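As written, the chains take the letters A, B and C, and residue 1 is the first residue of each chain.
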Amino acid sequence: MFIANAWYVAAWSHEVAPDALFSRVITGVPVLLYRKDDGSTVALEDRCCHRGAPLSVGRREGDCVRCMYHGLKFDSAGACVEAPSQQRIPPRAKVKSYPTVERHRWIWIWMGDPALANPDAIPDTHWLDDPAWSSLPGYIHYHVNYLLICDNLLDFSHLPFVHPTTLGGSEDYANVQPKVERIENGVRITRWVMGTDAPPFAAAVKQWPGKVDRWNIYDFTLPAILRMDSGMAPAGTGAREGTRVDAAEFRGCQALTPETENSTHYFFGHPHNFAIDQPDITRSIHQSVVDAFDEDREIITAQQKNLALDPDFEMSPFGIDSALSQFRWAVKERLENERHARQESVQEALHDQG
Amino acid sequence: MFIANAWYVAAWSHEVAPDALFSRVITGVPVLLYRKDDGSTVALEDRCCHRGAPLSVGRREGDCVRCMYHGLKFDSAGACVEAPSQQRIPPRAKVKSYPTVERHRWIWIWMGDPALANPDAIPDTHWLDDPAWSSLPGYIHYHVNYLLICDNLLDFSHLPFVHPTTLGGSEDYANVQPKVERIENGVRITRWVMGTDAPPFAAAVKQWPGKVDRWNIYDFTLPAILRMDSGMAPAGTGAREGTRVDAAEFRGCQALTPETENSTHYFFGHPHNFAIDQPDITRSIHQSVVDAFDEDREIITAQQKNLALDPDFEMSPFGIDSALSQFRWAVKERLENERHARQESVQEALHDQG
Amino acid sequence: MFIANAWYVAAWSHEVAPDALFSRVITGVPVLLYRKDDGSTVALEDRCCHRGAPLSVGRREGDCVRCMYHGLKFDSAGACVEAPSQQRIPPRAKVKSYPTVERHRWIWIWMGDPALANPDAIPDTHWLDDPAWSSLPGYIHYHVNYLLICDNLLDFSHLPFVHPTTLGGSEDYANVQPKVERIENGVRITRWVMGTDAPPFAAAVKQWPGKVDRWNIYDFTLPAILRMDSGMAPAGTGAREGTRVDAAEFRGCQALTPETENSTHYFFGHPHNFAIDQPDITRSIHQSVVDAFDEDREIITAQQKNLALDPDFEMSPFGIDSALSQFRWAVKERLENERHARQESVQEALHDQG
């Protein structure tokens, strides 16, 4: 069961090439993504209403797509506009279409009620294509439920253990209890470590005179979007008070999109605002993040395998779980609200008929 | 759930070599096929009644087969006739045997009540070994339910879309509504396309002066047997009226045998009655069919994958579905009749005891 | 469902190296095995109580192990003794620990109630490290339920059929009805074949003047431990009466440990007391056993595949099944006793509270 009424990231802009048909399963639904001749994005159910064949192995015809099983043709709103040897197309012959918004190199999709899809609710990730920042696009496919990855991203005490040679740094980092606040649709986590060592990935791209003050401030919001202000500055230069002198700043943007109950799409970029004219540094930062996420994937996949052995296993709460407990609660609450709303709308419909 | 009382194709004759033990799962049942010394075919349940080991990894001993786990020996009727260190064999010690008929290079098997197995009900496929016709034996293993392949074979409007470069031909072919008739145990489909282009596979093996009149007339009968009179003749030479002058004629024979709920054996041959002394042409025709069936398998496997994502998906009926809807209805009716007959026989048995 | 209160073999001694973390799933539970600095063995649940990550991808710290997901540290009794950024560890924060005993190169583990774990109940397998006997350690991983392998080991009538060129020998061996006795926790099987041929594996390592008298006497006890006195002596030299002259003697030790419902660990050694200073002969004997067990695995895996096709298949009992029927009955009885004991202890607990 997934949250329906929310913006998910469906793809990086470059994944949907001008003339191509791109297919991806999102929250259990096969979705066809393509661009109209004007470049705007279209998302249709990738399952012909006739016999269920995928439209994505079909053929583009102008702004339409033709199913290459029996030749039905659909327009960009999902309506069947042509069927072989048949003049009248049944009005119910259509595939679902989904609202999309392309913004800052991400194509967002709304899998729920289209009437509720408000583009203003899309979180700001402008650093991904702001010329003052530099980053590379990242994508990882995961064979685990997306909530296990949410857990991971909501508890950075794992950094020195899972990522000792990449993101991690010294273990004092894990010993700092972060501040956790509920915000609309999620949680905000703030962690400052004063006078610590620069982590390996940062030491590799910038000279540090000595200890640094390091921060991670991020919002993690429904359905599963992380936006992070992180970085470090030479110790004692007042970063915590708001002065960022000679700092290395990052604006991590990450999005988890459930593929199925047991698999997840993971989109990420890690924009930085220093040395942006040095592609080697951008590549090095990106690679550090990729290496670290591979480490995460290893431990999370092992965790999922362990959990699968015993469906009755109960996790023990620890102090470090505050943020992830709150987020899991927010997910649960939203799912219940959506279930409730669906029941109400069924009852209204019955009442209208009665 | 599969139809039990029907003749299925179990194998091509050459698959069951004189001294070998051949194993194939048919309608969910492991079946051992072999030949007695007189060459006649035997089909036994390929599962020793003792501990369930497959007899097919056992040993031929005359017309008997010995299980090589604990040494039980079965005769060609499935009765256990020898067990190590035991004089008296329990009379219940036997494996099921299934009626078989070998005819025109196909070995037919009856998985249901042997008392109902009437060889006269086997459809005529004599073109497969008639010296006036030439063909090669084809077999494809499919990872989909057999009904999805039936659907495919019952709607040739897919030809120009799935097979544009092989069987397909021009799209006017798809726009001709075929005639669909109910016949005993199935449907007959008749499609004539007058003054069209010869399809690629036919153009490759024969010179055509210009347009052709093309026909496909086939019976598709339970459990899933297709016999087709197809071909083409120079346009306007009266083929539709019964005169086949300078025609290329084919008598396609195809049989689908369910392996499990999610996999299928597909046997086919495509006999032709011209250039039968030119093996290159026979090979070329056969290869065209194989290439086309590979195209079918690709789209049907994609379709099955899509359907598996949502068990509640409902297909939308179109005009082109007339034949397949009728056939699916015939399958359903037959399954219900068989269920009903089983219940009646249980009640009779209870009554006889009472 | 597996027997809980019993000693299972968890590993060969050499599998758990001094500094390593060794992981193995036993009766469905992921288990971490390692050695303390004093060399003694530790077995902990390989699943951190926090979020379920495997401790075996963690880090040894003295006699403790640290989970490398979030840094929780556990002592060798399974108690959490350290958690990042947290002074007070919740007393419930622990992973299960399991009693282990290392004896004669096998590490035994007790998966049930630790209070019931009595090392005196471990069967004697001293031949595995007795200097008067020689053997090599064997391990096979099986993708079948352990009871199918028990069946195999409890009915040696399969020897001439499954192992004609290795352990088997002539078919008269299968025709000798063994003596089967119930003993505590299992069955004892005694089979003498007088004046038969030496089996291939024995003929390969020793010269025999002619026929031999051959014996297999073994106890097969819960949970699934086989200890066998087997061998052969020149025919008529009185072996059956207790005189073992010029004999080749073996003391096979075998242990089946369920991994999951559908997979099994198989530990075995085949000590012999002749030519013990000739490693080539030990290797040859070991290889014969391995080859034979590969033959077993082939037929048992085929059997399991066949059984999976029809969950309703009922095995037919034969005379040769006496031992395995008795053993399966002993397993069933033990499982029922354990279920009963669990229910009683729940009721006692409720009564104590009431």
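Assume a residue touches a chain if its C-beta (ideal position, glycine included) is under 8 Å from a C-beta of that chain, and two chains touch if they have at least 3 such contacts.
Protein names from UniProt, one per chain: A, B, C = Aromatic ring-hydroxylating dioxygenase subunit alpha.
Please read these numbers as outputs of a predicted model, since none were measured by experiment.
Asker: When subunit A meets its copy subunit B, do both sides use mostly the same residue numbers (more than half shared) or mostly different ones?
Answerer: Because under half of the interface numbers appear in both copies, subunit B and subunit A meet with different residues.
Asker: Rounded to the nearest 5 degrees, what is the angle of the rotation that puts subunit B onto subunit C, matching CA atoms?
Answerer: 120
Asker: Let me have the rounded angstrom distance from the C-alpha centre of subunit A over to the C-alpha centre of subunit B, please.
Answerer: 48
Asker: Provide the list of subunit C residues touching at least two other chains, using ranges where the numbers run on.
Answerer: none
Asker: Quick check: in the complex, which residue numbers of subunit C touch subunit B?
Answerer: Residue list for subunit C touching subunit B: 151, 155, 157-158, 160-162, 171, 174-177, 298-299, 302-303, 305-307, 309-310, 313, 315-316, 318-321.
Asker: Flag every residue of subunit C that touches subunit A in the complex, lowest number first.
Answerer: 25, 28-30, 46-47, 49-54, 57, 66-72, 83-86, 90, 92-93, 260
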